[in-house]
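See structure below.
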Amino acid sequence: MAYKFDFGAIVPHWQLLFDGVILTTELTVIGAVVGVGLGIMGAWARASRAPVISQIVGVYVELIRNTPFLVQLFFIFFGLPALGVKLTEFQAAVLAMIVNLGAYSTEIIRAGIQAIPQGQIEAAQSLAMNRVQIFRYVVILPALKKIWPALSSQIVIVMLGSSVCSQIAAEELTFGANYIQALNFRAFEVYFVVTGLYLVMSILLRMGLKVLGNFLFERRRHV
Amino acid sequence: MSLVELHAIHKSFGELEVLKGIDLSIDEGQVIALIGKSGSGKSTLLRTINGLEVIDDGVIIVDGKKISDRDADLLGLRLQVGMVFQQFNLFPHYTALENVMLSPQVVKKQSKAEAKQIAEEMLAKVGLADKMMHYPDQLSGGQQQRVAIARALAMKPKVLLCDEVTSALDPELVNEVLAVVRQLAEEGMTLVMVTHEMRFAREVCDKLVFMHQGRIHETGDPEEVFSNPKTPELSSFVGGLA
Amino acid sequence: MSEFSLWDIVYNLLLAARWTVLLSLTAFVLGGLVGLLLLMVRTAGNPWVIRLVRGYVELFQGTPLLMQLFIVFFGLPLIGLDVSPWVAATLGLTLFTSAFLTEIWRGCVESIGKGQWEASASLGMNFTQQMRYIVLPQALRIAIPPTVGFSVQVVKGTAVASIIGFVELTKAGTMITNATYEPFTVYGCVAVMYFLICYPLSLFARHLEGKFRHVAR
């Protein structure tokens, strides 16, 4: 008995998939913007002269990079309420993505900062800039430019990883897929289509990040 | 009172003692050439004057004020003392104009218009009025170095330190940079320059400092020092160049 | 409800962690073999093969691991193969691993300059000999640190297999949480155990990176 594929069985539920795509996009955008912001601060802290701060951030980075995202998500959603921190599914998912990307981007951006020639920093010092000014005007933009491809890849990984947020019932794309296959018993077809949607999203995200990079690091006259 | 006074400056890198007790005073308007063999400590000395190297022992006094290694002191010091590097160190993501404007704007909190006016003036002074909108990688080495000089000058320093500012340049670009330095000297700028251009030092400088193994070995009027070196080390250094 | 002591929790998690380790090892070894095969056909291959392998890599790097596992898990029964979560997880993770490793290794092989290929060709070596004696020995040294580094991703990837019902560390954590209502402690312990597996691998990768850096350049 050969299985008869029926992709048409998904069509009535397209709204669920659409909503899922929207939510996954929201998660990704918020997670990426705040997560990279966190990474910039983390990289700054790693380079700071206060060893305690640098070490605390170092522990955070290693803890996150050496545990699965799914476990981080469960810990935040199921574990934190024990400390009185009760989050909605969406909040927990966003927080997990921020915390996760924050750690990876800390490490990536730090590498970018380390690649800035010492002469750049000395030149800024000789112009009487303080540490914050040096970081802001001389270091961070060239550093980000250097590691933008790596950072982009990491953001794509985080977007794809958000697929497990369905496990805490955050209503993103995979959640929509789970829901549909429970209604129409067409698991393979649903997941096949959703996989395609993810593929398209990751290609678009990659392209978007490339455009954003060109815009951010484009030679613009500031005066 | 001199503009900058160094007393008994000591500096080591690990085991290696690079500066072994340097005394030097820099008067206003003076143009000092620092010469000596590679590794004798010239760059290190220059960098300590700008607080880029923290000294182990000794006293630095700038404009009557003793400098500690606290951040506030260092920033104060660097407002008085500018520096130009061998490798230019222009900021690659800013145009020539922006390179020059940046510090007046963010450090001295000058308005954009003010900073721009000064920057344009300084770039014109180094002969780059037509290259203001260029990025560093669109400029030749000589042009980049002149931007770097303009950038340091825009902070209106009392002293300008130059560490082998022509050493990274192709021979045909050396003169355009030296011409700028010469002009500064003639305008009365206080300059301390490490240089291997002996003829230039002889013509432009009014004090010559010869460093040898971490000490000031001989010092005096360039003309005299060159024609009549008192120590065998200097005469062999001068002889080796000829 | 708390007849589970902390020790019970840890003990049960440790039992489950064996499956995490086993799944990781299997996927890593099998994925490495498939990845190597893909690397070979790709390096030697005609443009169509290259395009095919590139598509394969794109597919696995551009879609969630969870979807890959779902497709294997729900897809194989459709062609008459009834698979357990263990088989589906192994197969899915193997494919996932092979795609990433082949891509990492491609970069390493490509970093061996054209001059090496030409020089060995001029000595009359065929493709296999060039690979065997010239390119692979050099590429291997560059490849080891990122390969070890990727093993951490594989271990973390096994957590996703819990979602298709494979009982490993994360799934055990969920089951124990349901029994004890102590998610904070349980997931905390789960995280610590992953960390204890992954962190040494990360350190090792970093150590190798430092060691090979001056060799590679």
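As written, the chains take the letters A, B and C, and residue 1 is the first residue of each chain.
Basically, a contact is a pair of C-beta atoms (placed from the backbone, for glycine too) under 8 Å apart; a residue touches a chain by one contact, two chains touch by 3 or more.
This structure is a prediction, so every number in the text was calculated from the model and none was measured.
If touching chains are joined by edges, the resulting network of the protein chains shown is an open path.
Averaging Cα coordinates per chain and for the whole protein, the chain whose average falls nearest the overall one is A. One inter-chain figure worth recording: subunit B and subunit C are separated by 55 Å, centre to centre, where each centre is the mean of the chain's CA atoms.
If you average the CA atoms of subunit A and of subunit C, the two centres end up 21 Å from each other. The geometric centre of subunit A is 46 Å away from that of subunit B, both derived from CA atoms. On the side of subunit A, the complex with subunit B involves touching residues 117, 119-120, 122-131, 133, 137-138, 141-142, 145, 217, 219, 221-223. Touching subunit A in their complex are the following residues of subunit C: 58-59, 61-68, 70-71, 74-75, 78-79, 152, 155-160, 162-163, 170, 173-174, 177, 182-184, 186-188, 190-191, 194-195, 198-199, 202. Chain contact summary for the complex, subunit B toward subunit A: residues 50-52, 71, 74-75, 78-79, 81-83, 85, 87, 89-95, 97-98, 101-103, 106-107, 112, 116, 133, 135, 148, 151-152, 155. Those residues of subunit A lying in contact with subunit C across their complex are 3, 62-63, 65-72, 74-75, 78-83, 156, 160-161, 163-164, 166-167, 174, 187-188, 191-192, 194-195, 198-199, 202-203.
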